[in-house]
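Here is the structure we will look at.
As written, the chains take the letters A, B, C, D and E, and residue 1 is the first residue of each chain.
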């Protein structure tokens, strides 16, 4: 166990959230809950990223009144990545939701195993 | 110098033409042609024996393996025996085969067997010998299964496969011999240079024993004797006569050639092979005569007696000294003539009365006095009563056995010879007694004289005379052999 | 910085832009645009390959005004250009092969959407091949995943949607792990650019700090990519996804999509972590073992499979097992063998898929094994092509399968510990391959009785037959003249680091 | 020159279905002409061969497809080109009764070219390539009758040979990696410094490669496909399963042992003992199974299994003499077995009797066929004066010469199997010629010998058997030169 | 008085065999060589089909979870193992995090010269005050280009799945027939409260959204966030006033063309800047004075384009989910 567990408490929380999301996505049978798990996982990663960029006692990277020295601001790259990452999780959730709608309309259930059983009965 | 080839090729070609001839030429013509062929072959054999001086190489199988024919004293004796027996059995079969169909096939194979046997006697080296040994099996087995009934075919097959098994065992030995002696031609005193003590030698002792077993199968040695009792009753009488008189002797000739001309007695003297061989011979002698004693069917009884008598000869060979050797050669001749007469008489009995079992033949002496008289004289010979041949050979054998340096077997051998002589009497004489003295309640009015045809009685008569002659003047043969035998041992 | 260096940038932008254009065009025009784009990209990467082969070393291309660690960057080497060219060829042939079936599988109005997905898939593959920046790679991995999922479910049949859902779940897991590993790597090294990460990683290794997080991040990235490229334990989604999707998408998915991720893994191994450092970690043996198991169990479940396309899908699980076995050997030769197998498997697998469709078409559309009897006589070209494909999979000489088996075996021999295991499993899996492929070949060539199904001659499906012949020629070409390709791969890998 | 010898049969085969033949005899003349032309070319090539290697295609690194005429290929190619024209002649007659002949002759002639390919292969890779091709080309032949058993038999044959080829492939790899070159050089190509301490692994690989090629040479655990392939028409079973396919397996093993791994590397090692034990077991197994089999062709197939292991036994003794014995048996057994298979085929063709117990009394109805069958069975048994004896003699001579106690046991196996061969061959002959007393030949009244097209090949083979038996010296000397590398 | 055996089991004794062999009756070949004909190997096709059906029946019985104990056992086992796997993953991550450099501390490897340059000369190179916006739209523009295409692909897939369009003959694709064709049935009929609030709130939301887009390079925000706000506004408007009203200004055609133009503009602009950057040509786009609206080179137009795309996408998603059409 390394020294910084309690110092990087933010990242620890992010890791725990990530695992919770991961388990949900893997084990939940209900599709909606899976998508929720997905979102939890993604946001955990972005939290982790944000924590990376944070430097105590520094301002957001918007140049205020001409000060351009590096020590004034926090590291901008993680926040840039987060911004891009969010769009990815939005689009993926949209896709998953539309798939769920189509399945629900067709098989009137959200349980993946039941869908598989009905498919086998259909046999097509 | 091609004289030696004639007695071999002529009968084989004649037999082959007979077989290949499509139409059925009618019984009369068939018997005449076969008779002429037999006589010509006999003459050719005699001429060949007189004329040839040195061996003839026909062709080379592989570089060091010629097909080589050569005549020496032993082949003379065996070829003489073959000629005589084949002629007599041939003439006998002309009449006997009336009630069997397909004579053409029988005579064809008969002639081929005759040719192959001549070749066997004249073989000069082990490979030629082995070649004709196999051909003999192949050409003689149709004789056995000639009748075509289920048991006959089975007996034929059994005979074929047993002798093939023996042949292959001997082939195993030949492979090793080929590699360790520079030539396989028969030279008196043996070709093998290896001393029995060395590591190589112990292996070759084993090979010798395997070869003895291999060739012994043909002679009906104890563990492999099962084919004889089934083959003989199934075969027609002349065929079984030839079979037991001559073809079985081929096994004996093989053993002589291998032991005395390839391995050499020096190699095998006093080794465990000799002891094993002796035990086997004695066991077979005793077992053969015991089985014959309890056997009701006449032909089977004679077959068992062949087994035991053969092992008199092999006992003589196993002892490996001069008297025993001459005794065994004498016994070859004597037994040949005696056994063929016995089978021909049995054939005559079956031909006339159709009965095969001994207890059915009460009062046969009245019905067929001539055949029975020949039967009695010859069986006396076999038992070993002085005037006939059997006595002289048994005498030499016993003398050889006693003087040979074979440890305890000396006494054991003599004892077994004596006991089995008694047993031979036990299984041969009841027929004569039953025949001539059927006892009170036998009404001899119904029976009237039924002598078999003239053509059958003459061969039986000649063979009986010959067996008696062998007994009376043995030393013609013995001094013919003495100087040759000394070179062997 | 002559003009040719712009070609990788042109090809990526062209395919991206063509995606947007197709959204407004009707189906037919979109198809033409798609074909034109694929051909031009193919030509561009061909010329680039020639240029790079004689220039002998890879070049870097700034995406924007600023040098590498700040702006994005594309790096084009011989291997990248070769792969791009190969991807275009396979994609063009698969599209042409599956075109005639498109009409009864996809709604009329949604054809242009289909072509958009194909274009964007091509662009993401090109970007994956060329990019030199980890986060760009992640973005284009996402594009790849979503467009692949689109391709799977475009047929909108119950089964395809369910397969798409399973596919999405598994690949999202994969990309989640990949991103997490990426972030940890970024945190340790401070760079997103592959070459810079490499320097800082080797620095870290020397003075031995942050060992555990480094290994964990490498492990996470590897597991993420393995899940996405359907290595053995994580292959549950593959048979449904490839088995039921449309013809050309199945061919493209099986040969190109999973190969894109594997190519990214190769870049990570060579450029991000460094080949020998990667060898020192125990991850290699894990990959090796999973590869071996994949080879065996993939083929075993293929034997049990009743439906011909799912059987081919399972066989691609086994082939991916081959590739990971190549990685697992940890030698240069193993890597060369894997890259060659990527090419040969792509060529053979798409050939098999398109031939399979030809056969099912002719036996009343049903995919069950028993109905396929005698299909070889009814549709001669598909029969011959399928036989050629299965012979190549089994590894008969003169086909590309044989050469890749040869390279794998030669590589396996050098590795001390793993030699026997690799060789024996190679032998066993060849036999298993032989069993289920030859079973099908014999099945299609046993004369069925009087079946109602029509028999198709060359005239009425000209394009399909031509595509099959081209695929077979490509396969044989790979099989016979494999020496130049192997040299190219070696040169590319040397240039890669 | 070599390549056109291989290509002509391929072309001829492909042309058969394409060319429009009005009458059947045109097709026959075309095919027979092509095959005879090719054989003459092959013999011309063999008589004054040039040492040059002909390179066809170049694969990766030093792997290439190239052909060369050396001692071993002369033997195998000579044998194949000698027998093929006769077999094709026979096949014409036989196929009158079967349907869709064109595909049959297509694959039949292609196999000729492929077998020549194997014979002339200059390196292990080319041989492996043609070896796989042979499997693929012969599967349709086995499947020719398209009944259910034929399909199952062909499938089993395919799985076995492909499995075998997979393991032989590993042997190929070893040679590529550890050998100096993949070409065939008498005495082996392995160079010691590369091998270093890994001899045991190499031996294990050799045994695996032996078993791999052994599948085609019907070594014990993998030979159940051969009897089942008896379902195919007789020209196929006769030519392929007595001469081309199984012999190419044995040929491959000889190449592997003598020309790739090299005998001095394998001599006296545990690999040699294991392989010899397997071979000896197959010899006895083949014969004992044949004894129980009542279907004629399956019985001959089992006898092929044991005879093939004679060849392997010769090869495995790993001395020049052993190789001579192996080659002699390879040549002689081909002639003997093909004549017995053709006799069986003739019997089936005339009377379509398949089982031994239905042959009662046919000896006199078909004297020529059964006469030749008797001679070939006598030869197989090893009666001196016929070809079988000479090859057994050489094999046993080599075994004795090699002073290896296991080889002595091998000789015992040879003889046991000779005895068993005698039993199961002669029981057929006896049944044919001596049907027994109460046999009426009513049902087989109209049985007669087949026409000259079938009898001619049979007679030629018989003449060869007797000729080899009686005057085998020049041939055996030639084989000895081949074995000691003079050619 | 020896116990006399019956003939059958006497036959089986060893003595009988020995003596029959001794007498030569026993024939070793009788049974073996001349056996009766073997049964021919016959299987007929319907037997194969029957076998297939049985196989399927068995498979069905095996795989239904209610009756099959092993299957249930397997399922519970599966859950336990996967939970264990996730716990293991969590522990692994926590351990790694414990070894990571402490957050909030300045001298971490993360803040190296790369971050420093973005901050120091980010302003004069990109002209954007908001360094993150500058970084996204200029330094690492390629990522963002990919980003917008991710969004575009997602919309395409949603369109594929949910859009109900009529083929030439007018009827809907049979597969999507059971989707309820028209959401108007459930539409709240002119819900007075919603209409009133919407009429007040929607303009404010849209103005605010436009502000965020325009000030992307000056303060926090940018194309993505601004677009989302405008999208939300539009959705609120749709909910309040129903589809007819929105169809007046926002139909599928407009959506299609807006997306096309903004994306293609984005692509062309960025490819121009990439091309000029890679070949070291001077790009003619001025950076403008920092702080002013028009500063920051291409960032403003790009923000506007991205904003439009995101807005339309948001609205399209909602429309698709609701009605499967515009």
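The rule we apply is simple: a residue touches a chain if its C-beta (ideal position, glycine included) is under 8 Å from a C-beta of that chain, and two chains touch if they have at least 3 such contacts.
Only a predicted model underlies this, so the values are computations on that prediction, with no experimental measurement involved.
Taking the mean of each chain's C-alpha atoms as its centre, the chain lying closest to the overall protein C-alpha centroid is D. Across the assembly, the mean Cα position most removed from that of chain E is the one of B. Two chain pairs, B-D and C-E, are compared here, and C-E has more C-beta pairs in contact (counted per touch definition above). Of all chains, the one whose Cα centroid sits at the greatest distance from that of chain A is B. With centres defined as mean CA coordinates, chain E is found 19 Å away from chain C. Chain geometry summary: the mean Cα position of chain C and that of chain D are 44 Å apart. Computed centre separation for the pair chain B/chain E is 98 angstrom, with centres defined by C-alpha atoms. Rounded to whole angstrom units, the spacing between the C-alpha centres of chain A and chain D is 69. Shared contact sites, meaning residues of chain D that touch two or more other chains, fall at 423, 427. Counting only residues that touch two or more partner chains, chain B has 157, 161. Multi-chain contact residues of chain A (touching two or more other chains): 2, 18, 22, 26, 52, 77-78, 84, 88, 91-92, 95, 99, 102, 106. Those residues of chain A lying in contact with chain E across their complex are 1-5, 7-8, 10-12, 15-16, 18-19, 22-23, 26-27, 51-56, 60-63, 68-73, 75-80, 83-84, 86-88, 90-92, 94-95, 97-99, 101-102, 105-106, 117.
Residues of chain C touching chain D in their complex: 391, 394-398, 403, 405-407, 409-410, 413-414, 419-420, 423, 426-428, 430-431, 434-435, 438-439, 442, 445-447, 480, 482-483, 486. By the touch criterion given at the top, residues 57-61, 63, 125, 128-129, 132-133, 136, 139-140, 143, 146, 151, 154-155, 158-159, 162-163, 166-167, 169-170, 173-174, 176-177, 201, 205, 208 of chain D touch chain C in their complex. Of all residues in chain B, only 59-63, 65, 127, 130-131, 134-135, 138, 142, 145, 147-150, 153, 156-157, 160-161, 164-165, 168-169, 171-172, 175-176, 178-179 touch chain D in the complex they form. Put simply, chain C touches chain A in their complex at residues 135, 139, 142, 146, 149, 153, 156-159, 161-162, 164-166, 168-169, 172-173, 176, 179-180, 183, 186-187, 192, 212.
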